[in-house]
Amino acid sequence: MKEGKVILECCGLRKRFGGLMVLNNISFQVPTGKITALIGPNGAGKTTVLNAITGVFPLDEGNILFKGHSLNGLKSFKVVECGIARTFQNVRIFPDMTVLDNVMVGCHAKTRSGFIDALLHLPAMRREETAIRQCSIEVIERLGISEKDTLAGSLSLVGQKKVEIARALASRPELLMLDEPASGLSGDETRQLAEALIEIGQEGITILLIEHDMNLVMGISDHVVVLNYGEKIADGPPESVQKNDRVLAAYLGC
Amino acid sequence: MNHIKSIHSPACQIGLFAILVQGCALLVRNSYYLFVLNIVGINIIVVIGLNLLMGYAGQISLGHAAFYAIGAYLSAILTVTYGFPAWPTLFLALIITAGVAYVIGIPIMRLEGHYLVMATLGFGIILYIVLIQWDDVTGGPSGFAGIEPLHIGSLTFDSDRRFCYLIWPCVLLTLWGSLNLVRSRVGRGLMALRSDELVASCTGVNTEGYKVKVFVLSAVLASLAGSLYAHYIGFVSPGTFSFFYSIQVVTMVIVGGLGSLWGSVLGAALLTVLPEFLGIFQTYNVLMYGLVLMVVLVFFPEGLLPGLWFALQKTHRKHR
Amino acid sequence: MKRLNRIMLFVAMSAVLGLSGPAGAAEPIKLGAFFDLSGPAAAIGTPTKLVAQMVVDQINKAGGINGRPLKLIIGDTEGNPTKAVMVAKKLIEVDKVVALIGPTRTGTGMAVKMKLLQKARVPTFMTVGGDPVIMEGKHGGKNFGSAKWVFKSPQRSSVAVKKILGFMEKRGIKRIAIATCADGFGRDGKRWLAKLAPKFGIEVVAEESFQPTDKDMTAQLAKIKATGPQAIVCWTIGPAGAIFAKNVKQLGITIPLYQCHGLPDPKYIELAGAASEGNIMPSTKLMAADQLPDSDPQKAVIRKFIHLYNDVYHYNRQFPINTHSGYAWDAIYMVANAMKKAGTDPAKLRDAIEQTKDYVGVSGIYTLSPKDHNGLGTDSMVIVQIRGGKWKLLE
Amino acid sequence: MTTPAQLWQFLLSGLTTGSIYALIAIGFSVIHNATGIVNFAQGEFVMLGAMTMITFSRDLGLPMPAAFAASVLAVAAIGIGLERGPLRNARSRVVLILVMITVGASIFIRGVSMIIWGKMPLSLPPFSGDTPISFLSAAVMPQSLWIFGITLCAVIILHYFFKHTMLGKAMRAVAANRRAARLSGISVDRIVFFSFALSSALGGMAGIIITPITTMSYDAGVMLGLKGFSAAVLGGYGSMAGAIIGGLTLGVLETAGAGLLSSHYKDAIAFLVLLFVLFFRPAGFFGMTKVQRL
């Protein structure tokens, strides 16, 4: 792991919805191989940053560089192909597909076989299919999901969150972005999640984490970025951010 | 486990189905029933294509009669007026349909919900009017006659029984390909797209590309059915390709079950044959058709085949 | 059950025939009849079916075909070509009918002709208006196949066109505008009008078109008005013709409106109301039966037809007699007459139908030939005008 | 050569048919707003309006205004029946299934009407004579004025209803956000019920006022329904102003297409314009594109 390199760089992001400035000149960097947390009160623009990175909507201004290449104007699926995977704030799995199928969709970015291969059941496609299946089962087992053939929609919230993370991991990302993975989890479950994230981080996957649970954030992240009302108010290691006056003001409301 | 798996493999299911159809075709002596069987086959091809679009990609088309018409009229006009050979024309028609579907698919597949319904409907109506008005080329409302039957070497598919041996392999191939498709990477992508378009896109599925491609595929299947129809009947006229046919195939998809390809086979067969039986109700046949349709949709919304399957499982469980 | 029926029928027939014929003679001869009983042309197809039933009743009452009764088996084409082929095929293959009557429109008729009647060897008497069903070989790059087994009882469009144009020529009309419906029937009319008008020294100054379902034709009429024709010819069947007439009146167009031979129908007067006043159209003699001279050979049969239709079967309560009413009558009688001569062998029956000579029918005096499977000329039509809500014979 | 007088005539004729399309389109929008479905039986309501009016006025001899009211009520009752019957009892809430049930219902209604009123087209006498009125060198039928007037009244009443009555406001609330409306104590069931009553009544009314000009037959509802749907989409599905503008635009497009370009391709021209509008404004004139929230 090379220290000090930057995998993702956001420069001067601006986004306006109607009259509301959601992102106002946001710049920050995500160091390679580290866990970076993006925090801030509700409505600070955290999810908007994620959406902008993944190409859900275009930015008004600003530039996003991933490993030195601009992501601007790329469609969402292209962003995934570059090596960025994400989860969603309120779990969004494909409820009417099985767990395994959910995770196998995640392999899309790294596989190629298309309509013709599939229609004609060509050998190349069959080989790829076996690989996808194997890779997905591995990811599922690693995250400790036991029911791979049940419908994803019938799982508990924790189970669904795991499926979502597994789906993201299946695309073999270099950068994994998690949108409030701990919300709705119990203390125990959050601890398990923290362990899992650290383990993922150790495998060399950079993590960008949006989270409200300060214990989790401060416990596992190497770097913290704080947003408030669409503006960046602090950026640095967790210890220094915790002491920052503006952060305290934003969180305590004084 | 292995035993169950083999039953679930497309090739095996299709093999069984082929034997069944073959059995029917051999048992039937009367060419009327063969004719009905052939029309069922033609409809199945259109309906399977449409189900890929509706049941897997979650996009509606109320204009599929147009693609059916493009295939039929291209085969008719190019072979009769310009003397093209039949088989290459059929493939040319498929390519042209694919081109047309691609060009209009790009803007149309960006639309959602009612707007998508309207756009496909509008396209169908425009093409229908062109068929009627451009009568120097299409023969206008009186239709276009004199299309020769297809042949391979010295085998001409000119009788109902012979055509049966042409159309059903086509149906089985379509079914095989489609079953392969839905059980592949692409199929999963399509299902993800139907379930949640935005998330699918953020998971790496090229949703826009998939939508257009599956639209093209379903158009191509409709075009294939159209070409086969033209060579079978030997005559095409706009009446076959009206808005009502578009509605009819959508109905077949839904009665059979969205996303259930075998359901589509049943849906197409049932709704093609049903009016023949309803003939005994004479003036009440229209009314009965509407009634049957409503009852099925009210009580078996997941489609007839999946619905019956669930019901069967339920009673089975109760007995245990 | 079937056997019981047959015995009952035998008993009944024996009673009718005074036990004269041999037992086998009571076996009914099956006649297939398929019309648009639902779909867009149901309003034409349904009365045709009723008349067909009436004719078969009459023939059976009069002793059937050489002692055997006729049995009518009915199918519904739904106005859909594929469905029409399916129905015809069922009648031929399952019910084993000897001959077919119907269908109602050109599109369905052509589908049946091209798919079945090239080889099926079942004589078919169609009641469709369009000519393609009896056209043969190649015309303008299109192949119409063989019409060997197909006959049709309504006048050809060209006959009606000639009748109108001939009448206009006598009235000194030189410039006409035509507005035709965008269906098979309207197209046929348009083609013949454009082709034949110059032969009568008439110039077509405007050509417009409308859909059978259109609700407003003022735009077309405004354009027509601007071209200054001496008469307007409208070519359609159904309510569009009435809307057209109303629009003519709305725009204050005073030149005469000629409708086609599809509209001499009391329903037209009902729908168009005052706008129909003064309209001129070619018609079968059926619409002006009481104004025909007694010397007219058709007068007796038309009277009989009207009597049966109105007073015995009371079809007029639902479907008042119109110009199409007689077509099924003529078709079935010509088939029945041929059967009496040649029996039920398809080839012989076909030949016999083709040899029909001077059959005096409701819609005209038919003389068929291998070259002419319709057998009617302009003399089978008259020109009528609507005056005071009644049909007035002009010529 | 097209003269200004002709243009004026095209415009007036187009507005007449356009008013009818607008009324039907409003019906589509009202049901869409309450339930999210496209009611394919809307065209059938139009046909039923005309047919019941014929029964009440011609066969039962009721005076025009009474027959008018009675038939509008009758059609509303049928609309309610559709909602209370198959739609409410459907085992699925999936929009597509419900839409297809309305397709089934429209076929059923057509079948029943064919048996009751026969297959022949029928007509109604115009409300006040049929002497055309010359209006700035264009000719209109008095019935057209009735159509304009009644459509205008309907629009004004609806506007008042949606803006100033409790029920109307509740309907708008349900259209905007069904769940929020339910949470704030609005009975969505009642709104759905009333929406069907309202839209079928509007459809029935459209059928009654147009029949003296165009005649009506048991299967004429399909085409009118399609045109109404197109108008609603053109204007922006679910929007009241959109339905009106969409209807009038479609009507004018048709006559202008027939008058200025080609009567042969009249409908094709109208639909082509519609497609282009959708390609450039994917939600029609007044429709809102959905903003997805993650």
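Order as written gives the chain letters A, B, C and D; numbering starts at 1 within each chain.
FYI, contacts are C-beta pairs under 8 Å (C-beta built on N, C-alpha and C of every residue); 3 or more make two chains touch, one makes a residue touch a chain.
Quick caveat: nothing in here was measured; it's all calculated off a predicted structure.
Comparing the centres of all chains, each the average of its CA atoms, the largest separation from subunit B belongs to A.
Once CA atoms are averaged chain by chain and compared with the all-protein CA average, the nearest chain turns out to be B. The mean-CA centres of subunit A and subunit C are about 74 angstrom from one another, to the nearest whole unit. Subunit A and subunit D have Cα centroids lying 48 Å from one another. Per-chain CA centroids place subunit C at a distance of 37 Å from subunit D. Taking each chain's centre as the mean of its C-alpha atoms, subunit B lies 32 Å from subunit D. Of all residues in subunit D, those touching 2 or more other chains are 114, 264, 267, 292, 294, listed in ascending order.
Residues of subunit B in contact with at least two other chains: 129, 133, 198, 283, 285-286. Of all residues in subunit A, those that touch two or more other chains are 56, 88, 92. Interface of subunit D with subunit C (complex): residues 1, 3, 6, 9-10, 13-14, 16-17, 20, 114, 118-123, 125, 130, 132, 134, 139-141, 210, 213-215, 217, 219-220, 223-224, 254-256, 258-259, 263-264, 266-267. Partner subunit C is touched in their complex by these residues of subunit B: 30-32, 35-36, 39, 80-81, 129, 132-133, 135, 139-147, 229, 232-235, 237-240, 244, 275-276, 279, 282-283, 285-286. Across the interface of their complex, subunit D is touched by residues 38-40, 42-43, 46, 182, 208-211, 213-220, 222-223, 226, 238-239, 242-243, 246, 249-252, 267, 270-271, 273-275, 318-319 of subunit C.
Residues 54, 60, 107, 110-115, 117-119, 121-123, 125-126, 129-130, 133, 198, 243, 247, 250-251, 254, 258, 283-291, 293-294, 297-302 of subunit B touch subunit D in their complex. Within the complex formed with subunit B, the residues of subunit C that make contact are 37-38, 74-76, 78-83, 85-86, 89-90, 92-94, 106-108, 110-111, 113-115, 118, 130, 132, 138, 141-145, 182-188, 209.
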